[in-house]
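In what comes next, chain A is part of two complexes: it sits with chain B in the first one and with chain C in the second one.
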Partner chain A sequence: MSRAELISQRAAGGRLIGLLLVAAPVFLVVALILWPVALAVFDTLTVEGPSGPRFSLDAYRFFFSDEFSLRNLWMTIQVATICTVLLLLLCLPIALYLRFSASRLTGYIQALALFPLFVPSILLAYALIRTLGPNGSVDILLNAVGLPKLPSPYLTPWGPIIGLVWDNLPLTLLIVLAGLSNVSRASIDAARDAGANRFQVLAYIILPRIRGTLLVAASFVILGLFSAFTLPYLLGPAVPEMMGPFMRRTIIEVDDPIQARTQAVVTFLICAIFALFYVRSVARTRREQST
Partner chain B sequence: MNRRQFFRSTIAAAALMAMPAAAMADTSRIDVYITGDSNIINFWNNIIKPAYEKANPEYTLNVVSARNNIAPIVERTLAALGTDADPQVDIFDENDPNLPKGAIEKGLWVDFSKAGLANYDKLNPVTLETSFGLPYRGTQVVLAYDTTKLSPENAPKTWAELVAWMKANPGQFTHNRPDTGGSGGNFVRRAIHEANGRDPSLFRIDNYVAGESDAMLAKGFELLKEIAPYTYGPGSYTGDNMQSIQLLAQGVVTMVPVWSDMALDAVNKGVLPETTGFTQLTDLAFAGGFADMTVPTNAGNLEATMKLADLVLSPEVQTKVVTEIGAFPAISWDHLPKDLAAKYAAMQPASIPTFPGGPWVSAISDGWFRTVAPHVTR
Partner chain C sequence: MSLSGHARASRPGLRLAGALPDWAGIVIAILLSAFILLPLVNVAIWAFTEVWRYPAVIPQKFGFRFWSDVLGRGDVHLAMTTSLSLAAIVTALSAVICLPASYAFARLDFPGRNLFFMSFLTVYAFPKFGLYITIATIFIGLGLIGSFWGVVLIQLVSTLMFMVWIPVSAFQNVDRRQEEAARDAGASPLRVFWSITLPQVLPAVSAAVLLTFVNTFYETEVAWLIGAPEVRTVPLLMIRFINSELVVQYGAVLSLMLWVPSFLLLILARRFLGAQALGRALGA
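And now, the complex of A and B:
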């Protein structure tokens, strides 16, 4: 056997092992995610006729003509948008500080900002009721200094918004921080030397470099917000419901699996748009790196 | 000890520990299957087990948690009926003897009315649904209120009085959404009873008819829409049973519907203050229910198990049912200490209406969310 043959054989063996290694996760994704999703989509697109299932858009027609369902979807979109904007506005300054400050305080601030990562959302929900809820600690403090009570966000859409922003802070911050590490100090110093002020540095040097990262952070956060359950369930109003609690109630309480699946497919399609942003952004980064 | 020796001895120790489970049923062991949560398991382990083993030192109680997976164990017991096999089950703490269908006819369950239990006559008749189940702890939805804001003599006693009180005190009442727990769920069901002549017999597990039944429910929803503007928020319905208790504890509202055992437990733990009062509607009570023990006739230690069932109904253990798990006793309050009976006098059920599940749950959840919940929003 020649040397070349031996190498090619070894490469073929390597390919086989490689394929075997990815086979397990691919199988899991297909069996546990793609296949059930396909079944769910199929169920929502068919009705049981006398001669087996036949194609029908009835489930979607109901969803998109049902004011109650649409109101829940709209509420979810609104909450997700508000949360994402708030998260980016909140995380960018913290990330900039952590990236460019030389202060010894940064370690503590980073630890504080990542703290929500370790708090289960059910604990957070009850803690928020006790602090921001009616007659909670914030009200008691305000009362102590002679100020009127706050209108409590508890059981209004602002309840889940506050909870979800707190809950998603660490993830967003970590992504934005990772993006900022691509901005070299040298380029900022160069801009400063050329007379750029702080705002110009942010607008013309930093933001263009991390635009992709912000998009990725937003996509990630939105995907999580659409599937949020615990915080909207415990802190939100009875109506409109966010899609997470709405889907749960539709399948468990109302016992209407087809509508629950329709709600899931609609939610999934909206999330898919943001997933597409993310995938495109990753692909672009790969291309840039390979060239 | 080298590593191999250590490994061997560990295996041996593990095998030893696994042995009792693998061994055949012990003739002196009584197997108790618990459906309830950890508070019920603790109650059996810490209260009933020591009391029973002290009185019957030749037996030991083996308390097993079956959680929500009791059906296969019942099936196993039924399969062993008429054979020599020991089902290794002596008693279920909470089980519906009507399931599986036909089990009673096949003679699977002991008929307690004929079993000659010394404490059987002490049972409160309202707790008894079947003689094949032995009730021992109950819970029911009651109204909990802050006695510093509402004196007990003014506490509402009928639905009409409750509505009048709500209208006079807007924002002082709330309940949780019916999908998030039974205290709000049974409040909604009480309104449905109210709108249908306060006749619970109209609602049965097998008589839901789409359209017709929905019209009956809609009448109840109309009553709830009428009071919605006077609820906390208005229209801010809490997210579970506990949140209602918390709002009452924080002094935000004056009255909420609660599960009696949860609320008594909250008072015992100091979550709710001692100044919390309880009241039950006397024109028709809120729904609730009792946990029924069942004993299979083919239990390995039938005689000893009947002694156990009798002990659970004894005034001593029934007193602990109230003080330890905050549940209702199944025996009449006359047999319990007078001070305890006086303390919970307002909660004592004169009747315990039930509301069926099945299709009714879906219709109530969907109907309430589509009509009552959006009626007023903050």
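And now, the complex of A and C:
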């Protein structure tokens, strides 16, 4: 056998082995992501007729005419919007500071801001109840300095908002930081030399360059918010509730799988555009890394 | 310390900092400390408290009484065993399925390689909980609700990202020339893999295994949706403590017990990967 034949045979063998090695995880993706989603879309768009399934929008018509479902969806949208705005407002100054300051405090601040990565959300829920709940440590501290109690955010929409901001802070910050690393110090120095003040530098030099990053960060947060379950379930109000707890109740307690899947597909559709931005950015980082 | 501080301060482009105190940094550090640390410190204090009546700032009586109570509870033991075996099984299965695939993506050429690789991104493309709901409806039909293996199966999906994507870059960065040199010197392929390839990818693979284990251990949503009430993991026990336990300290002790190992494991994972790569692995 010639050397060329040997090489081509080995390459063919490598191809088969390659396909075999990736078969199991790819099968999992197909069986446990693509198939359930496709089936949910199909089943919610059809009803069983005498001659097999036929197209029908009944499930969605119900969802969008049911006041209860709409209130839950609306609350999720509101909480997602508030969390996104709060997270960006919180992360931008921290990221700017971490990127452009040479102070020794940067190490401490970065460690602190990444800390929530190490705290599982179930433990966070417990800690926040003890802190923000009635007679929690915030009440104790306010009382100790002679201030009146604040209304507790526990079991109001502000409970999950505070929890989700806490939980999403590190990854949002890392996304913003990665974007800021593309803003060169030289361009900022040049603008300062030309007489620009801090806000002008921010508005005309920094923000235009990280617009894409901010969009990706917002997409990441919104995707997370629509799938949040633990924090809204444990910290939020029972009525109206966010989509996560609502879907669980619909499938487990109300025992209505079709409506639960309709709710799921509605969250997919609302998040589709954000998912596109986010996934595109993950894929791009991935390609840059491997080249 | 002062020397390195001085060296950093004299870097070009730092005219804004000047000799003024770093007010921005101080304000950020104080506010962030309060926001991040207050809930955690609070739980840590509760765990060592025997009596703490409102509105005292400091508990009336400290002690370890509730530690022995928690450690002696049957439901805590059961939940620990369930969670540990769940995390161990999912991590082992995930490693067996994903690490070879990760090697294949990094080193072999086969049709559809890029498409299959990018297919894992669908894990990120849907809000997770909605995805679990669509899986759950299928599992109801298959009788997998309330089953340990149903939980294992779904949790495997959320580990794919760690176990396939993190090791891929490590496998890609292995020094090919060393491998070829070893082959030329007469080493068998297996020996080359064991002595040359494996040591170079070990940090990334360890990080992936640690992340998978920790994330599976604390995973609450799948366990609560698919596993409850038969599968009782530690996070589900925590939900019960939150919803219906009057003794505050049980939850606090359990939190602290659970939190310390996860903290150590993740610090290790961070050492192997670095903050940015860890963030990327988790989806940032």
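Here is the rule we go by: the second predicted complex is superposed on the first by the 248 of 291 C-alpha atoms of A that agree within 3 Å, B and C clash if a C-alpha of one lies under 4 Å from a C-alpha of the other, contacts with A are read in each partner's own complex, and residues count from 1 in each chain.
Quick note on the criterion: a contact is a pair of C-beta atoms (placed from the backbone, for glycine too) under 8 Å apart; a residue touches a chain by one contact, two chains touch by 3 or more.
Predicted, not measured: the structure shown is a model, and the values here were computed from it.
Partners chain B and chain C, once the complexes are superposed on chain A, run into each other and clash.
Touch criterion not met for A:Ile273: it reaches neither chain B nor chain C.
After overlaying the two complexes on the shared chain, residue contacts for A:Glu253 are found with chain B alone; chain C is out of touch. Once the two complexes are laid over each other on the shared chain, residue contacts for A:Phe68 go to chain B alone; chain C is not touched.
In the superposed three-chain model, the partner touching more residues of chain A is C, compared with the other of chain B and chain C.
In the superposed model, A:Pro237 lies in contact with chain B only, and not with chain C.
In the overlay built on the shared chain, the residue A:Leu155 is in contact with chain B alone; chain C does not reach it. When the two complexes are overlaid on their common chain A, residue A:Ile129 makes contact with chain B and with chain C alike. When the two structures are aligned on the shared chain, A:Ala102 is found in touch with chain C, with no touch to chain B. By the touch criterion defined above, A:Val85 lies against neither chain B nor chain C after alignment on the C-alpha atoms of chain A.
After superposition on chain A, the chain C segment that clashes with chain B is 73-81; the remaining candidates among 73-81, 91-99, 181-189 or 217-225 show no clashing C-alpha atoms.
Residues 125-126, 129-130, 135-136, 234, 252 of chain A touch chain B in one complex and chain C in the other.
Only residues 11, 14-19, 21-22, 24-26, 28-30, 32-37, 39-40, 93-94, 97, 101-106, 108-110, 112-131, 135-141, 143-144, 166, 169-172, 174-175, 178, 185-186, 188-189, 192, 220, 223-224, 226-230, 234, 243-244, 247-248, 251-252, 257, 260-261, 263-265, 267-268, 271, 275, 278-279, 282-283, 285-286, 289-290 of chain A touch chain C when the two sit together in their complex. By the touch criterion stated above, chain C contacts chain A in their complex at residues 5, 8-9, 11, 13-17, 22, 24-26, 28-29, 32-33, 35-40, 42-43, 46, 54-57, 97-98, 100-101, 103-105, 108-113, 116, 118-131, 133-138, 140, 153-154, 156-157, 160, 164-165, 168-169, 172, 218, 220-221, 224-225, 235, 238-239, 241-242, 248, 251-252, 255, 258-259, 262-263, 266-267, 275-276, 278-280, 282-284.
Those residues of chain B whose C-beta lies close enough to touch chain A in the complex are 177, 179-180, 233, 235-240, 243, 246-247, 250-252, 359, 361-362, 365-366, 369-370, 373-374, 377-378.
Touching chain B in their complex are the following residues of chain A: 68, 125-126, 129-130, 133-136, 154-156, 233-239, 241, 249, 252-256.
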